[in-house]
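Some notes on the structure that comes next.
Note that the chains are named A, B, C and D in the order they appear, and that numbering of residues resets to 1 at the start of each chain.
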């Protein structure tokens, strides 16, 4: 427990995400935490992983310096390929992408995601929209969801299905015509969750320092909980070193900001 | 001799972007976003435009806030670094400054809609969006049965924009253009659109372009007008010329939260500006110097010799 | 460190081209036709191959005459400069040396079949071949009604070749490749195929390739094997390296008119040859010198700097 | 008549083809005679014409030296674009191509072309096939057919429709689903022919030195003939100069070969 309190929640989430990437995987890299998860995976777990960026960039190495958007100039330096969006989207549609990362404003118990429009009382709040999220949810072999864990974001039923998870469970994906995929895990600010064969979200592990009740209280639906709940493995020294070297100012992780505790 | 297509941005917008036009912009995604054209469109007070592009970053937000837009066909409208964009939200949620119709695409379906236009077919099939609410609400996405297999597919209807406005790193005066970096859906947008306006960082001799015909991803015969305007994409980056102005995006986020704030911003950075040269002088030499690329990284040439 | 994929042509064919495989070759059209691979396939006496490619020039003729082929999916099989190719005719007309099934595509429908494979969809629509006998006789072309408009269209079923064998000008040891010139359907063939074998004129350091990622049209993660074999495409040209051996095509036409003549030709130029190096020594230094490019024409570099 | 007997039939045909290209046209250039017709048109009639080659090359200027196939290395020198076949085929499918040239082993009275398989007595002779011909016939705004004029090549009904003309006449193209195009003219070794509104081949002009009867005798179907038959305009000095400068050895035109009279 030497590193306890020495890491930020976002760093823990990055580590959890990176550990889901296997060597040789073709990864659809999103911005923010998944970007750093890809860097971490490349350096520690999956040296031969390939990263696809939806603007048309393919990388076999992390970008030489931190980027704020995937279109930032350092993201082209040393790239394997730079070109059209359809080139990378075609690999996704072919089924060659092992892992894609998604976030959203709302997730429901079946792993459906909403990043389009949410209700706030009588009002509707317009969010930016799908981007490539719906495509990744439809076409990647495996989807990892990264979310802030709050009661009004972990909801019974999403207001709008931007990115289909398991629909309303069972054989829903197949009957909708989706050939593969679905969410494999949710990495939230409170724990890691996976899905039952019926497509229902369940607890895999809870982050250090939290109780099962606290997690359930922050969730808008019943979370199946094993009798003995595992604790999420905290970041190792090696993992933290890689993360902090890549984002020294803590722009994405906040690790060296004054405000602690996310 | 082929005739030069060089005209000013003012003239290009006046001639080709009309009230009610559908315009493909921001087709490169996060790089090479053609802000200078957006600002000129705002200054010429165009109305009822339909904006087309997968991801707009702030460009769509500015045009929507200025009241130029009645419809948006896009996959994502916001501030890529900061999240929400306030003018877009206000237009959708409160019809301020006017109501807009938002038609939601995913990135792939937008790419395929333009690819269908480029290929000259009425639609292209995809496996994406099945089971999603995009499929339910976007009338240009239609579920159908594959004619060659026992599968459900989605037909993405072709989009043929009236105009595409595309920044390029270099081209000749007739519009044969070299461009590189992340291209997003720009090449298909150029092919699909009825009118193509290029905005070039550099105008170069035809011989330079034809030294590498594999890089001439947009060909002159597709192009109606060429505008020569360096730094036309600030605050977004142009590979090989200038980097992203990161602080602009967080400042814009703060400075345009309320409608009044946005109107002030618009007065200062668009209505109060004559043209791109004037804009660059307001930006200031120090800022320009800080964004300019510091270190060249030239491609190793290839040989077309015979 | 990524692992090198360099192996010999002999090994590549032995490992990846099996009896019954479907193989995309000649995808560049008239340039960069991979004769060295065809000859190695003949030497290894592969049977029942399905050959896939829009236009084959003489490569398909040689493989058909050698008895390696049971099916051809193509738009044009012949001698581009001289017209008919005799082994192809003998196989179709007289089943010599064996019967082959010919499935006729047009260039566009072959391009779309591979593009469909590359895009991961079961088919792509086209406006071509309506009213033709190609549409009637090729079962992979199917008329259907557009789901988005009141139009007849043709669905071109995806082709997913077992193997694509593609010459490239230069690549690194893991198969990140720069290629230029007329590319035909090669890029889609690389994406659509289950196995990709690259045959490189030059193996270069990864840094040279990544100096121009826009030219890396085939990416290493798609590639199973890299063969280093200069002049692998003789007698067809490779832009920047060697020109077309025009007299070869008229001589082959004369020398392979009868079955006996063809067998003599095969003995001399394929069975009597050990490998590409041996072939080049038979070709002779003078010929090689006459075909080598005389005058470089280097592309003007572009800047990826930051 | 100063140049009479000073030109070859193929040169006359090249001139006739070149004269069909208008300035600014986008031309789908085939090999052999159409290649030289494009060169001639660029230099004399249509300086702003653009040539598309189906291997993926686009040229706004003729190649600097003679080529034997469109993939020959000189065809890339000074090209406007070199890349994928689908790039040029897409322009064709969009309807941007003004003129495409076609040949074939057989043509019938409705301008249907066969380059796939012909009957010879009881035998079937296999030809190379469509290449891009079917696409050009389906998709170009206007098709020009260039053929050797012989009785067994100008036939009542082609053995196989490789490249659809007007089918069996009338509204056939429309009912087949073809949106545009069709053959505008046939330039043969004996004359120039166009098509009636019903899609039937008719005489426009006959090459110098031939009679209407000679042309009809070489044709396997009845050719509607006007009362007064025009004579094809022979090549001008300027036209011949351009042709011979581009193909000085007469490889495609045979102009300086010893054997005369095609």
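Following the convention adopted for this analysis, contacts are C-beta pairs under 8 Å (C-beta built on N, C-alpha and C of every residue); 3 or more make two chains touch, one makes a residue touch a chain.
Keep in mind the model is a prediction, meaning the values are calculated, not measured.
Trainee: For chain A and chain D, what is the smallest step count along a path of chains that touch one another?
Mentor: 2
Trainee: Find the geometric centre of each of chain B and chain D from their Cα atoms only, then give the gap between the two centres in Å, rounded to an integer.
Mentor: It comes to 41 Å between the two C-alpha centres.
Trainee: Between chain B and chain C, what is the separation of their C-alpha centroids in Å?
Mentor: Here the centre of chain C sits 37 Å away from the centre of chain B.
Trainee: For chain A and chain B, what's the span in angstrom between their mean Cα positions?
Mentor: 28
Trainee: In chain C, which residues are in touch with two or more of the other chains?
Mentor: 120-121, 126-127, 151, 153, 180-181, 214, 239, 243, 293, 297, 304-306
Trainee: Would you give the residues of chain D that are in contact with at least 2 other chains, written as numbers and ranges?
Mentor: 57, 73, 76-77, 82-83, 86, 92-93, 139
Trainee: Testing understanding: with touching defined as stated, what is the shape of the graph linking the protein chains, line, ring, star, complete or other?
Mentor: Topology of the interface graph: other, matching no listed pattern.
Trainee: Show me, using the given definition of touch, all chain pairs that touch one another.
Mentor: A-B, A-C, B-C, B-D, C-D
Trainee: Could you list, by residue number, the parts of chain B that touch chain A in their complex?
Mentor: 28-32, 54-55, 57, 74-78, 80-81, 83-85, 88-89, 92-93, 102, 104-109, 111-112, 115, 126-134, 143, 151-153, 180-188, 236-237, 239, 243-244, 246, 249, 293, 297
Trainee: Which residues of chain B touch chain C in their complex?
Mentor: Against chain C, the touching part of chain B is residues 120-127, 140, 142, 144, 146-149, 151, 153, 155, 157, 169, 178, 180-181, 208, 211-212, 214-215, 239-241, 243, 293-306.
Trainee: Tell me, which parts of chain B touch chain D in their complex?
Mentor: 1-2, 118-121, 176, 191, 210, 213-214, 216-217, 219-221, 304-306
Trainee: Once bound in the complex, which stretches of chain A touch chain B?
Mentor: My answer: residues 31, 53-57, 68-73, 75-77, 82-86, 89, 92-93, 116, 123-135, 137-139, 160-164, 167, 172-173, 176-179.
Trainee: Going by the contact rule at the top, pick out the chain D residues touching chain B in the complex.
Mentor: That would be residues 26, 47-48, 50, 57-58, 60, 73-74, 76-83, 86, 90-95, 139 of chain D.
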